[in-house]
Amino acid sequence: MHNQRFYTLTISCPDRVGIVARVSTFLAEHGGWILETNLHADRDADRYFMRMEIKADSLPFHLAEFRERFAPLGRELQMDWKISDSAIKKRVVLLVSKQEHCLYDLLSRWQSKELDVEIPCVISNHETLRGFVEWHGIPFHYVPVTPDNKLQAYAEIGRIYDEVRGDCMVLARYMQILSPELCAKYPGRILNIHHSFLPSFVGAKPYHQAYERGVKLIGATCHYVTADLDQGPIIDQDVIRVDHSDSVDDMVRYGRDIEKAVLARGLRYHLEDRVLLNGNRTVVFR
Amino acid sequence: MHNQRFYTLTISCPDRVGIVARVSTFLAEHGGWILETNLHADRDADRYFMRMEIKADSLPFHLAEFRERFAPLGRELQMDWKISDSAIKKRVVLLVSKQEHCLYDLLSRWQSKELDVEIPCVISNHETLRGFVEWHGIPFHYVPVTPDNKLQAYAEIGRIYDEVRGDCMVLARYMQILSPELCAKYPGRILNIHHSFLPSFVGAKPYHQAYERGVKLIGATCHYVTADLDQGPIIDQDVIRVDHSDSVDDMVRYGRDIEKAVLARGLRYHLEDRVLLNGNRTVVFR
Amino acid sequence: MHNQRFYTLTISCPDRVGIVARVSTFLAEHGGWILETNLHADRDADRYFMRMEIKADSLPFHLAEFRERFAPLGRELQMDWKISDSAIKKRVVLLVSKQEHCLYDLLSRWQSKELDVEIPCVISNHETLRGFVEWHGIPFHYVPVTPDNKLQAYAEIGRIYDEVRGDCMVLARYMQILSPELCAKYPGRILNIHHSFLPSFVGAKPYHQAYERGVKLIGATCHYVTADLDQGPIIDQDVIRVDHSDSVDDMVRYGRDIEKAVLARGLRYHLEDRVLLNGNRTVVFR
Amino acid sequence: MHNQRFYTLTISCPDRVGIVARVSTFLAEHGGWILETNLHADRDADRYFMRMEIKADSLPFHLAEFRERFAPLGRELQMDWKISDSAIKKRVVLLVSKQEHCLYDLLSRWQSKELDVEIPCVISNHETLRGFVEWHGIPFHYVPVTPDNKLQAYAEIGRIYDEVRGDCMVLARYMQILSPELCAKYPGRILNIHHSFLPSFVGAKPYHQAYERGVKLIGATCHYVTADLDQGPIIDQDVIRVDHSDSVDDMVRYGRDIEKAVLARGLRYHLEDRVLLNGNRTVVFR
């Protein structure tokens, strides 16, 4: 959290001697002031991960030129890399159903500018939350999903997302399973909050499953959506203690608090380019 | 934790009006001073659970007479009930393999009398920890387990346990799977610590499984052993945060801290008669 | 959390033999079905605390008659006691300033009926949150507080609270210190959320104090307001991990999540009559 | 945790452009393979902190030559820097009194080589734990401390520490307050575990203080010892939940678990050169 404008450079590449030296020397030669650096070497995968925040006005050129100048190094070291600008707000499309807790939580953070993004629209398969969303000055799209219209409904969601130029899509307790096509179209760009501590209790009614098994902690998991239900890369998780006196309804109630906290945290990591994919796992530079 | 002698009465019975009234009136009529009471109604199972600590010297009779006088009420209300005496130390048999962390932890608590029990012996399939155990003045039995001698080995363990009149058996990172016969013989009396947050990562190498899945928390589970591997009633669980920088070895190391803490807690609940079985779930009166 | 109507009976009295027997027998004689019971003996203070939830339709009379019939027992055992009816919603007056996180959180819970109360009005020393409050159909009172008008302002707050027949007052990050008169007038009925883990960092700018001291966890405390600043009985607390990379602004941001969670929890305990005062400490029957 | 030999380089210096570039280029030019890097810029103090693990056999020279070659860069950038060798075990002197829980915990980790250090001796003001220490083959020094002999006693402790060439001293629930002279002589080399969540409950009987205040979490703090009692830089802290049913004795018991966990963690950070001093605060590169 800096008040000044900065660029965020993220890199993933095969590990070798000198990566940090090459990148940091490139920056230092142009006067780049590094605000924050995170590095990780995955010794099993022989892969290196970097994230750097660079003060924007410490560099003598803009992003377009940065990209041009950095590209040769990126090619040489076989990097997957990208750089983003803190002055350009990301565009987050929210999908909700009837439950309001995650939506209230995210809009609260958006109101206080803690979540400093554009929310071009909210999409829902119910009209329930229209008033609340529109009071915030955010467009609301009602896209009903029935057993018969799923294909068209998901196509419509994809169309809206493209039209508003979304950077990512957040399933904020959206109670539908997206089509494999939609999942495949936006890899690493759709975040879901699952109401269990994955990989326990995949699928429907996880709190009922947890109650039946008699676990002493319940949890929630924020992950990227893939075509495999609840199998995508995990961004963050948390748990809360329960005991024999808690009914399924109590667990649902406690769970909501974990869900909204974990979703907000996972979304922030994603938006700040703190999450790098490493196969089906994630590197999260907190 | 009281310094004076007390009795612990635990009850499980069908729910109905007046259970607490009947039991507490029985106690009050004899001057029984209640130190601690825990009650739980399971509304799904229509079952009632109680645990009471009663000052021993507030009652005008001893346990044998208590049992005789209380029996008619127990029959009338269809109770499973028992009463224990804090002055009679429970006898805990520990089973270990080569890893010492849980053993050190339990013997530390035993030395300080936090764990105020008899440990009539430690049984192991390795000689590794003999010296440490014997230094504490506790007999050590080496019972090797090979693919060929499993039946005899488990029979021998059962024999030793019976011979030393064990009240419960604790698998303190004992790396063997007990025979179904042994599990069936001592239901609710064998405690295990499993090194994952069950029901995730059942079976072998749970930390490797956790690493592969990329979870952000790892855990441990203390449960009663049944013939179904890692499926017994859960007594306690806990988790610890990990991230991408943690290797499997790091997880194993963090995990040890959770394992010993959860096992010690679960064992204490068991020894203080705080755990009541409710089908495959537990009521734990902390 | 029951769906059926129930009464909540809370009792605090000197400890002696037979309290539970007398109370539960009174209930059983009238067919009272107990849904939940919590008991606590404070051995230092020689005081006994009880909380019982009783199915309303299991009793053959209404609350007025219950109170009349129970009164003699209450007098005999020198009880402080009260009984409330789940069908009568409590009336909670919220006080806020400019920060919205606790308000969003509480109104989200109120919308979903998790927080099943009346909110007769919100009072604020700023106009900032008027629109949000009024969108929910809740009256909003702007009561500015300046160095010169404090007495009148707090008198006005007291007047509004009385007029709307408030049952409790919640300072949801209200950035003013109430007058000692107001605190004294409503003992055990005003809840505050303090943004530190009390007793550390009493008073102003606790996150700055925490940053300066270099603590590794920051917290929040929900407590009853008394005339002594931040010294009232603590209802609940929680903490979150921070490290050297976190600025004061980061701590403020993390802190908001703890504040709203702890306030919501503390308020629920209070509203469900789970909090009993024990000197300057609390018994909280969770 | 690597199996191969590595060097750990830690640096603290004024912040400026190019620090990482200069250091990493120095390493890359000699083929240095970086296993792990942590960086932190303290923007308030305008100070930069680094920690790097470098594969020992990737460099063409030994530590003495490394030091010589690196020194000019260190001078130029005004660094406080040092480099250590994973092959040279640190020498840790433990101080204990009568309580065994931290000692058992540390020796358990030492036995399993999780704590891969030399323990040249244990010093105590009581004979209580001699047998346990000596069973592990570790010399035990009894240095009684009375109101009259404090100066000599602390001088003796310092003498033993110097004689065994200790790298750090760990007060593992050592119930004496070291002399200011001793504290001043080994800054950043004496670790203590305080049994409260500092800065709450400084000084004696913190659990009693916590009980009186009615807090809902209790904690422990691992910190460097300075001449100001309980005011030294904090390395790590943790807390555990308590409630009204917990007596002071219960808190003491729960507290032991937090104490040993936090001490073990803080000590590991220290031994792995993960703790850098920043005024009275710490940078802890986990």
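Each chain gets a letter, A, B, C and D, in the order it is written, and its residues are counted from 1.
Basically, a residue touches a chain if its C-beta (ideal position, glycine included) is under 8 Å from a C-beta of that chain, and two chains touch if they have at least 3 such contacts.
Just so we're on the same page, UniProt names per chain: A, B, C, D = Formyltetrahydrofolate deformylase.
This structure is a prediction, so every number in the text was calculated from the model and none was measured.
Student: Same or different for subunit A and subunit B, when you check if over half of the residue numbers at their contact belong to both copies?
Tutor: Answer same: the two copies use largely identical residue numbers here.
Student: Quick check for the class: compute each chain's Cα centroid; which one is farthest from the centroid of subunit D?
Tutor: Comparing chain centres, C lies farthest from subunit D.
Student: Quick check: how many Å separate the C-alpha centres of subunit A and subunit B?
Tutor: Here subunit A and subunit B have centroids separated by 41 Å.
Student: Between subunit A and subunit D, what is the separation of their C-alpha centroids in Å?
Tutor: Distance between chain centres, rounded to whole Å: 37 Å.
Student: List, in ascending order, every residue of subunit A touching at least 2 other chains.
Tutor: Answer for subunit A, listing residues that touch two or more other chains: 36, 43, 245, 247.
Student: Sort out for me which residues of subunit B touch subunit D in the complex.
Tutor: Where subunit B meets subunit D, its residues are 1, 36, 99-101, 104-105, 107-109, 111-112, 114, 131-132, 135, 245, 247, 249-250, 253, 256-257, 261, 264.
Student: In their shared complex, at which residues does subunit A touch subunit B?
Tutor: Going through subunit A, the ones touching subunit B are 40, 42-44, 49, 197-201, 212-217, 219, 233-239, 243-245, 247, 278, 280-284, 286.
Student: In their complex, what parts of subunit D are in touch with subunit A?
Tutor: 17-18, 20-22, 24-25, 27-29, 31-39, 41, 43, 58
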